[in-house]
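Everything below concerns the one structure shown next.
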Amino acid sequence: MSDAPTTGRPGGRSNDELRKVTITRGWLDHAEGSVLVEFGKTRVLVAASVTEGVPGWRRGSGLGWVTAEYAMLPRATHTRSARESVKGKIGGRTHEISRLIGRSLRACIDLKALGENTIALDCDVLQADGGTRTAAITGAYVALADAVAWLKDRNALASDNPLPRSVAAISVGIIDGEPRLDLCYEEDSRAETDMNVVVTGEGDFIEVQGTAEGAPYSRSELDALLDVAVKGCADLTVIQRAALEGN
Amino acid sequence: MSDAPTTGRPGGRSNDELRKVTITRGWLDHAEGSVLVEFGKTRVLVAASVTEGVPGWRRGSGLGWVTAEYAMLPRATHTRSARESVKGKIGGRTHEISRLIGRSLRACIDLKALGENTIALDCDVLQADGGTRTAAITGAYVALADAVAWLKDRNALASDNPLPRSVAAISVGIIDGEPRLDLCYEEDSRAETDMNVVVTGEGDFIEVQGTAEGAPYSRSELDALLDVAVKGCADLTVIQRAALEGN
Amino acid sequence: MSDAPTTGRPGGRSNDELRKVTITRGWLDHAEGSVLVEFGKTRVLVAASVTEGVPGWRRGSGLGWVTAEYAMLPRATHTRSARESVKGKIGGRTHEISRLIGRSLRACIDLKALGENTIALDCDVLQADGGTRTAAITGAYVALADAVAWLKDRNALASDNPLPRSVAAISVGIIDGEPRLDLCYEEDSRAETDMNVVVTGEGDFIEVQGTAEGAPYSRSELDALLDVAVKGCADLTVIQRAALEGN
Amino acid sequence: MSDAPTTGRPGGRSNDELRKVTITRGWLDHAEGSVLVEFGKTRVLVAASVTEGVPGWRRGSGLGWVTAEYAMLPRATHTRSARESVKGKIGGRTHEISRLIGRSLRACIDLKALGENTIALDCDVLQADGGTRTAAITGAYVALADAVAWLKDRNALASDNPLPRSVAAISVGIIDGEPRLDLCYEEDSRAETDMNVVVTGEGDFIEVQGTAEGAPYSRSELDALLDVAVKGCADLTVIQRAALEGN
Amino acid sequence: MSDAPTTGRPGGRSNDELRKVTITRGWLDHAEGSVLVEFGKTRVLVAASVTEGVPGWRRGSGLGWVTAEYAMLPRATHTRSARESVKGKIGGRTHEISRLIGRSLRACIDLKALGENTIALDCDVLQADGGTRTAAITGAYVALADAVAWLKDRNALASDNPLPRSVAAISVGIIDGEPRLDLCYEEDSRAETDMNVVVTGEGDFIEVQGTAEGAPYSRSELDALLDVAVKGCADLTVIQRAALEGN
Amino acid sequence: MSDAPTTGRPGGRSNDELRKVTITRGWLDHAEGSVLVEFGKTRVLVAASVTEGVPGWRRGSGLGWVTAEYAMLPRATHTRSARESVKGKIGGRTHEISRLIGRSLRACIDLKALGENTIALDCDVLQADGGTRTAAITGAYVALADAVAWLKDRNALASDNPLPRSVAAISVGIIDGEPRLDLCYEEDSRAETDMNVVVTGEGDFIEVQGTAEGAPYSRSELDALLDVAVKGCADLTVIQRAALEGN
């Protein structure tokens, strides 16, 4: 499926190959859209909740709103973490990822066509093995599409096509000097540079976040990471489309 | 399977019949014990996390500790609820149920035999349709048994049999004047009296919590509810045993 | 007064005998109803505060509302506890008891007859020696009755008799294999099983909460505890009535 | 008792006359010192709790520590206030008064003689009718003296006389152009200037806090207020001494 | 400039001499009034923010509102302090000072003339070397005057002269038995008695807060402190006036 | 200085031109390093605080630690914002920026050479006009360098050169289809794409964060933005060097 050189990656993947990705629609009975999305052992449950109306600050604007919250179950990880509800506050990482997901999904929806409806995307990580935020975005797009269809069925949209583009996200990183796609936890913790890229179905960028964990990275390394990421998002777009057509 | 009169219950159950109960062990890869427990549409993910040592206040006592936390995903319910982590505090209901689960599981474990180990039971409701706390307790027993087996495999127990008894829980209620077993949400919201009962595998009581939602209830109504609850817990004990033997 | 066998209880009480119970009405000058209730050394100050109107979620319903908050002064207990206001959050036990008191009092009031008025019951434990929640409920009924009378004097009720029944509560427990009524702190901490029972003046149940602290308890033990509790609540009903007539 | 001109004060007091002041020692059974102090309808329960040792930051210094917390029950006032524990934070006024009480009592104790013991003074206002902070300080001195005596009985002091001076506090204010002593709530809310003064048994100052509520006040008004306050504290000192000898 | 005896004060000041005081108006570009006020090394940035309207509880009264918030940057002090935003709560000292500043500024404004406008005074200590609260009040008066002028320019006042008096504040203390004006941090931490005095341009008192840090202080010491404070505030009034005219 | 086409930018800058940048060292008297950094009207005060030792989790590792906190004064912005300390929690944006600054500065320091010392970088925005996070990073590098020099003077470093590289940051964006450097607030709010780039003195990347505010951006737009950003950071590096040599 790929002609990139196969190095010693966990699971024997080639450098530009995704883990096994599964998107299960309708995993919940109550939510207007819901998806269990799996990137290898990473498992995120996304629920899209529709409510009529928008927050006070944009009432009367004719525009809808999309918001997202990301969280992790305490034992999603290798060792148990304390609950943020018990600690009484949300950590910086949680905040940051929730904001990223919200921005990414708002970038693929036409809020005018949505009309004054709000869609909340709850992304709860049931199990974490690297790439939870990118799995969340990729799954949230499908849940959002189902929630939009639910509104359409009820003639509750302001106009017909509020989702002019799709969105998918993937993590990439440099390990042992080579760019790799879709890092699992073990790889992620060894990466010299770590980048999350959010890309539309057409291959344009919505968000690029790249961090040097070890040494700073050069422009050519940055370019190589972007190449791999765009390729991976194209693969995810195919999987999303199949899930949505699979009814 | 039951000769109780079949009234018009959702799903056509008889009054003393459980919903379809499923217990899936090993649903998570990292946790020392884990279970996805389903009572009809109610779905609770239970993770048992083992840590060596005990909280400071019981260090050096030779006794172990078992604790539990209960929570609900925002869209587990028919309409979305705000996250307790976002609100910055845990509600009274959550606290109350977490404490109930902890007490119930501590009542079935020999903390001396457990040795100075701590087992945390995280019960996260993925979908709610009535009976979430009783499903949580019933599933938590199985996750706890797996965590204890994990400790046994590592020779980390103080003595051999830290689980002298099993525990299961069920809700019962009076609806239209009749006692019913295992209420789903629709029944629960109509119940005149609502009782949660926690019972050992031998049929003794660990906890009884009965609340008049409408009119106060008589002693004979209380007796009838207890009869049905004990019967239901016996059925759950059979299911638990099968799950644990099913390896 | 009782023919139950007298064992070695603190104060030489028989097993089904209450501690000395005192209900002092009008302990506060500002509150619409107020009571200092004493069960032996346990002392709870209950204030009933009337406000016109109801919370937003039930406005226009024609129904009133009764709510309760329970708290303990830091030095009510043998050793000082930190204040919940200083800790910045309310503990699970406080939440749980506040909810129990609220439910119990709502079960004895006709919210339609109350009209759109709210009564808040503040139950502050000045000194604790076991049975604080049951003393609170028993006293709160009297404070509530005074607050209702205050509304009646001002013609502010929707109809005449909003208190069709009275309510009282008592703790019972098994100690040395015998059921005992109204446990003081020393007994409470030794009890194998601990039960709080809320009963109407007619002897029907509003709430039953029984917990195995040590070994699980059998159905016959449960029955014996309920018998003693119903007897004790009947005694409390007499004391409540005397207090209310004592004007 | 006083030759100051009698104006129309509530209760017919003269301008430099205290309300009826009562100090009841030993109001609680568990606390090492406790007092119910009443200034007219204002009623404050003070509990002094002794613990061995001092907070970490002064361990090994040979010095003791005295701390204070002030709070009000929700229905101490004419209309109910929300609990600070429920709001999840302590208000500025509460903080400010707690700090004032702590400073005032530390000013009358020899922390070296106290040795490495901590005394916590909990001042809970059961009913408020003006002057709650001054009643709290005045009562706290007596509860502190009892707690010190309790330590002395157990030979737990570092040296013999840790209370070289007594402390009392009173509010004064200008109403209708005249200085008045010990304002009740009705007067307090009409005062143009409001001052709380903390004075030793010898008549020296520990704290002076004077606030213009309406127009700024002149030096001669300030002097007149201080005169009345010193007189009032002298009267309180007599009452404190009688209470402590009254045992 | 002063004939008080020159003792060994830091900087060689005489006992009744201010540190170098600088008031820089218009330090910020956005705020309706802003001042960087310096008392020696103490540097406070005051921003006055005008908003139309008043808080709900005084809407329709025709009266304006002035409020203040005081805070310190983490490294304003000699060693870094934790941020109150990170700790999640405001300390007692911060609350107390914010309330003092608010009261002091409300005492110099005619809220009726202000009309239904709100002015928020943010006093942020950039560097602390003693006297931060008195510098804040002194600077806040100037920022408030600028904000009032801003409103006047827009014809947004209810009547013409909402600032009938000016206000300034200074700290005084007894060190080595002598009253000193405007303590720097080093002096403040050695003071036996510490007093903050808020005085109008006419020399009347708005607030007096005097605390015995060591031994109680006599009436004559109190009088001497007040004399020095009134002198210092008169000097500050001259500096304020010059700053306001300096435009 | 630049041959990029001059469009109608505020202040008449060319597209790849910085605003006037000023770095004032030693703005505070107590901090081990401090800088007032200005990018046009944006003014950030950075204080570097050195403490001996490291947080518990890395004690004994031989490695130092660098941490950062970002905050904004309430009236830094055009309209006043509520204080996070008063709200009782830190917002997502604040968390996110604090984390970015910390990561960026850790990427330019050799934590082994730093030895077990901690440097906290407090970045407080006194006035905001776009680019506050990039100004903070750029200034924090200089304050960090001064704090490192302070440690060196005291022979407290583990080895000689803990700052092998410098770091600077700048914002870039696409406005009217053209890439622009160092956006002020007015431009920032109009930008279609907004990117913050953190670059070393050698021109390598530490962090790239690019967000489509409007339409997704193409690879060639991304490349153009990176080109401008690298150029701007090179200009900032010159200014930093001059400031550090300017001693």
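Note that the chains take the letters A, B, C, D, E and F in the order they are written out, and that residue 1 is the start of every chain.
In this section, contacts are C-beta pairs under 8 Å (C-beta built on N, C-alpha and C of every residue); 3 or more make two chains touch, one makes a residue touch a chain.
The chain lineup, named per UniProt: A, B, C, D, E, F = Ribonuclease PH.
Predicted model, so just to flag it, every value in this text is computed and none were measured.
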| item | value |
| --- | --- |
| Magnitude of the superposing rotation for chain C (Ribonuclease PH) and chain E (Ribonuclease PH) (Cα, nearest 5°) | 120 |
| Intercentroid distance (Cα basis), chain C (Ribonuclease PH) paired with chain A (Ribonuclease PH), Å | 52 |
| Chain B (Ribonuclease PH) and chain C (Ribonuclease PH): spacing of chain centres that average the CA atoms, whole Å | 28 |
| Distance from the mean Cα position of chain B (Ribonuclease PH) to that of chain A (Ribonuclease PH), given in whole angstrom | 33 |
| Set of chain D (Ribonuclease PH) residues in contact with two or more other chains | 88-90 |
| Category of the chain touch graph - line, ring, star, complete, other | ring |
| Touching residues (chain side chain F (Ribonuclease PH), partner chain E (Ribonuclease PH)) in the complex | 28-31, 34, 41, 45, 47, 49, 51, 69, 71, 73-80, 83-86, 88-90, 94, 120, 122, 124, 126-127, 129 |
| In the complex, chain E (Ribonuclease PH) residues that touch chain D (Ribonuclease PH) | 89-93, 95-96, 98-99, 103, 107, 165, 195, 200, 202, 204-212, 215-219, 222, 226, 230 |
